[in-house]
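Would you mind keeping the following structure in view while I ask a few things?
Think of it as A, B, C and D in the order they're written, each chain with its own count starting at 1.
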C-alpha cells in the first residue's frame, strides 16, 4: 500500500521519475463537480521546476492528461485518472548510483527493500516528481472546496534561519491566506522573501542547499470535521504531508511551542461572536479532539535541505563493501521549499475534503 | 473509521471513559506468539494514574481481560480482543459540561459533530483513558518485537522549558533506551527529572498545568521497513501518535531543526562498519524515503499542557448563546507527559510491527 | 484482516467458541440512532440454538452486553462494542480433534495455517457461534434501516430437496417479507416447513445432516445504492454472506437460472408506475451495474449440510500420517439452515446500510 | 471505493468505454517479478472482441502500455500502472440512451446515482471494456503464480442449456486445466463447444442473446491460504468475480448442489496420499473455513445473457415520465460468456495471489 491514501477518497499515486509517466487515480469524487483544467494547470505550475534561481533547470511541461473520470468537464462518478508524461529524462546520470547511495536519499533503503530491482533513474518512485500527481489530486479537491467556501493556502514560513511573518491564526483573511500562492516566491513578507532568495543563492554558490518550514492554513471550515483518535484531522494531514519526500516534521497550531506553555496560556477561551462560537486565541490550530472547531486550521511542516548537493560526499560502495567518495552531477534544487508549498496545500486539501465527505455521510438526523 | 488503524495489523479501539468498558481488537497477529500478561500489566502500569504527584488521584486497576485471540498463552490466529472495565467513575462531575464546553477539550467539537448525542462523561471516547487499549495493543507488539531483537523505548525530553538530555541518535544502547521506562519518572537525567517534578508541583499549586516533549527510539530495526510516500515509517508513526489526545506535533530525526541546517550538515554520510552500512550522524532519524536504514529510528512528540485546570476559564453556554465562566472540578493530571511516555512507545511499536509484517509479505526472492 | 468488513461501516468480529467471549465492534454508525435492546435480543433469539428438534441442545443465553458506543440508549458516535460471554463450554469434547481433523470442517486447514497454535475447542474462531456477533451488528443495522422504511427479511427456500415457495420478486409485500422471521421455523409455506422438519428428523435419526437454500430480500431500498465493479451490492453482500461458515454459494435475482435464459427473457422491461420507474419482472434481483434500481433486492444463499455428523467418518491422523476413522461426539445441529436465516438477514443489513451511508456521503448536489 | 480491490494487493481500475483510456494500478507487487508482455498480450487477446461469430465486431487492439512499476522488465516495487487507449469509439450511438435506459443495463441506476452526470457513452465505467484492466492485473498475477507452480484456468461450463463436461475436481491435471484457454472457444469438449456456437448463432439470428456458466479452477495451491469469516477465499473470489458486469452468481465446489446433499455425502473424507493429506471427493471446492486445503480450488460463475439485443424493448423516457419502445443499435456480443472466461481467471488469480502474499506475511515461526 505504498502510495495510496485510503479514506472516503482513495488517492493512488504511481510513476517513477524516468518511467513513461507519473500519475494518479482518485476514487470517490462525487459526480457533477466541475474541474477547471486551466486553474489546475496554474496550480501545478506553482510546483514546476525552472522558474527561479533556487530551482533545478530541468524543464518539464507537467501537463496532465485526464484519462478518465470526467465527462463534459465534470466528474462523472467513475474514478478520475490523470497522467503526466516524463519527457525530459537523462537516465545515464543515475546508473552509477545503484552501487554508491547518495546520503540523504532513499537509494540505500530502496536497495535493501527491493533487492536491487528498484528503478534508480532520477530517484525512481522516491523522486520529488511524484508530488506532481499529489498536486493533481489536491488541486481538484481545492477547486471543489473553494466552491463550498473552504480555502487552502500556504507560504514559506522559513528558509534556513530566515523567517516570514506567520499567518494570523485567529483573524486570518482569505486575502492573506491566498496572496503568497500568487507570487513567484510564496511569502507574506516580500522583504523576508528577498532575504531567503539571497540565502539560497549563497548556498547554491557554495554547492550546498537549504531547508525550511512551510505554514499552511485552511479557512472556512465548518466545525465538526474529522474523527477522534486515528482519523482526526491531525492524523489525516500528517499521513498526507509525509508523502512529500523531504518533510520530516509536522505540528498543529502552537505545536512544539505548546509544549512550553502552561494550560492557562495554551487553552483557547471560547466566546460568542454573534451566534458563532469562536476562540480568542488559536493554539489548537483549529482542531480539538481531532475535529475542526470552526477556527482556521493551521499547521507547519519541516522540510529538510535538499540532499542532492554538488560537493563531494562520503558514501560507500555496496558491491565492494568499502567507503568511497561520491560526487553528484545533474540538476537539483538548492532549496525545495518554494516548490513544496503547493504540495503541502494539496495534502491539506485532500485531507480536508476527505473529512468533509465523511461528515456528509454521517449527517442524517435520526 | 474513527478509531481504527488499518494496515497489515488492524487495531480497533473502543470505549468511553465512563462506559462499561474500554478495549481493543487486534487483527492480523501471526499465530503462536507468546503474550506475557504480567509483562503487559507492568507496561500498562506505566501509564496508570495515581503513581506520582503529577497525576490524577483517580485510581483504576486497568487490568485487561483478554476475551479472545489467545490459546494457552499464545496468539491463535484469531483476532485478539481485550477489555478493561471502567469501575471508578463519577459521572455527575461532567453532566453540566454538555452546555459549557471546556477550553482545550473536544466538548464543543463533539457537540457539533454528534449533534448532542455524544457521551460526555469523563470526556467519553475522547478521554485519555482510551490510550490504555492503545497500550494493550502496543504492549503486545513490543513483546513480539523484543523477541526479534527490536526494542522500543521513550523518555520525557522536556516538561515545560526543562529539558532532559537526548538519546544518542547514533550510538544509542539498549540500556540507555530502556532505562527511563524502568523509573517512576521516565527520564535519562534524574536531576532534570527532579526539576521537572518540581515545576509540575509549582504549576499544580497555581491551579495550572504543563506540557512537554517525548522522545522515542527504536533499536535493532533491520533496514528496509516501510514504504515510499503514504506508508512510510513517518506516515505510520504520525498516524498513530496523533491518536494520543494531547499530541500536537511530531518530527523525525533532526526534524524541525533540520529546516535550519544546510544539506552538507544534514546529510548523514554513509560508512562501512565491518560489513554493515551505517551513517556517522543520524539527522534522518533512521528513515530515508520512508524506509528504515538500520540506524536507530528516533522521533519526538509535542504534548500540549493538560487542558483541564482548576482555574476559572472563559467559555460559552451553547444553549443560551452567551459567554460564561467555567470552573472544572474533578481529578486531573497537572502534566500528562509522564503517563504519555508508554503511549508513544505503544504507537511506535504498532507502526514498526505493522511494517515488519509487510516486509515479510514481500520478501520472497523471485 | 480475517474478520473485518471494512467499508463505510467497519464491522470487526472476534472470539472463539470456547474463549471467554465472542463479540463485535462497529465503527462508523452515525450518532443518535436508537438501539432497542429487546428487539435486538429477539432477533438474536432467532439464531439461538436449542429451540427445535433440528438444533443442537447446547443452550446459551447469547445475551449481548453493550460495552461501548451507546449513551442513553442511542449511538453516541464512538465505536459500538458488544460481547457475549461463553458459558456453556465443554472443551474436553474437542481436544483429540487437533490430530484427527473432522471432514468438512476447518480443523485441517487451520492446523496448516496456524501451525498448530489455533484454538480448536468448539471450532475456535471457525465456529458457527461467531455468527452471533454478526447478528448483533446486523440487527442494529436492521433497526436503523427500518426507521428509514427499509426492511430486510429471509426465509428457508429449501431444506435438502424440499422447497418453500419463493418471495414474489416484483410485488413482494412487507408482510410476506417479514412473516417467516416471526415463526419458529421460518418459511412462507408452513406445509413445506413441516415436510422440511420431518426430513431433518429423518436425517438426524440416520446420524446424518441436511443443507438447504435461504432466500433473502430487501424492500424499500431507494434506487442508487452501491457502486460499479468492486463495491456493487453483489460484491458487498457476497463478501458478507460468505462470512457465515456453511455458505458455499450466492446468486442474485434469477442468478444461476439466468444463465439459461435468453436476453429477451432475462431483461427486465422498464415501465412507469405513476412517477416511479419500475420493472415488470425482476430477474436482476433489484441490482443493475452493482446499483439498486428500486425494485426488491433478492438473493439466494446455498448452505451445505452440517459437517458434524455422528456416523464414523474417514479421516487421517496428522501426527501419525495415516488413515483413521473418526467419530464425532457432542451436540450438533442436524440442519443449520433455520438458524442461518437471521445471519443472512444480518449480512444483508450490514451491506445495505454500508451502501446507504456511502450514498449520503456523495449526495451533495454540486 | 467503487473500483478498488483493497487487500494485500490493491488493484484500482479506472476508465470509461469512450474516455481517452481505461487502465489499472496494482500496488503491493513484490519487486523483482518478471512481467512477460507478450504472454500478457496473449492473455488479453482471449478477451478481445472480434474473434468469433459470437462477438461484437468492434475491433480494438487492446494493447496495454505499462506506464510505471517496471524496470528492465521486472516489477521494481513501485505501483504498476497500465493503460489501454480507447480508439475505436462511436459516441453518437449512445447519446439518446441518457433519457431512455436500456433494460438490463446500468443506464437507469447510474442516472439516479450520479444525477445525470455519468458518462453514458458505450456504457461508461459500467462497460464490459473495464474487464480489460482487470485482465491486465490478473494476467500479471497469473504469471507470478505460475512461477510458483500455481495455475489458474477456466472454461465455458454452459451456454444457455448446453453444457460442457466439468473439470475433475479431484484429479484435475494441469493439461486439462489449461487446454480450454488455448482454444478460440474455450471448452473441454469441442463437440459441446460446436453446439454452443450454433446456439449462439441461432440466438443472434433471432436478434437475441445467451448467457451461461463458467467454471474456474486453481491447481497447485498450498494448503493454508485465506482467512476465516470475511477474508476467506470465497469472500475474496466472490468480491472479484462480481466486478465482471454480467456475473449474477458464484458457488464453490458442490455449491448450490451441496444444499441437496446429506452431510455424509457432502463431507470430503480425508486420506493420506504418501505424506500428503488429500480428500477423496472435493465438494468443498478446495476450501474449508475460508482456507485452502490443498485440493483444486473450484468454483462456478453464472453469466446473464447480454442485455444489449437488437429487438425492440419496452423502456421509459425518464424526461417525459412515460413508457416508450427502445431499439438498440450498434455492435454487441450475442453471448459474452467466451470472452468472460479469461476475466474469471483474472479475478481468481488476483484473489489467490493476494492470499499468498498474506500467508508469507504471517509465516514467521515464533
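The working rule: a residue touches a chain if its C-beta (ideal position, glycine included) is under 8 Å from a C-beta of that chain, and two chains touch if they have at least 3 such contacts.
Model, not experiment: these values are computed from the prediction.
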Intersection of contact partners for chain A and chain C: B, D
Which of B-D and A-B has more C-beta pairs touching across its chains: A-B
Centre-to-centre distance between chain C and chain B (centres being mean Cα positions), rounded to whole Å: 39
Gap in Å, rounded to a whole number, between the CA centres of chain D and chain B: 45
Distance from the mean Cα position of chain B to that of chain A, given in whole angstrom: 26
Residues of chain A touching at least two other chains: 1-4, 6, 13, 28, 31-32, 74, 78, 110, 113, 115, 125, 228, 365
Sites on chain B touched by chain A in the complex: 1-7, 13, 101, 103-106, 108-110, 112-113, 115, 125-126, 130, 158, 160-161, 203, 208-213, 222-225, 227-232, 234-235, 238-240, 242-243, 245, 247-256, 258-272, 275, 277, 279-280, 283-285, 288-294, 300, 302-309, 311, 313-316, 318, 321-323, 359, 365
Interface residues, chain A side, partner chain C - complex: 8, 28, 30-34, 74, 78, 144, 147, 228, 357-358, 360-366
Of chain C, residues touching chain B in the complex: 1-4, 6, 10, 12-16, 19-23, 25, 27-28, 31-32, 65-71, 74-81, 83, 110, 113-119, 121, 124-125
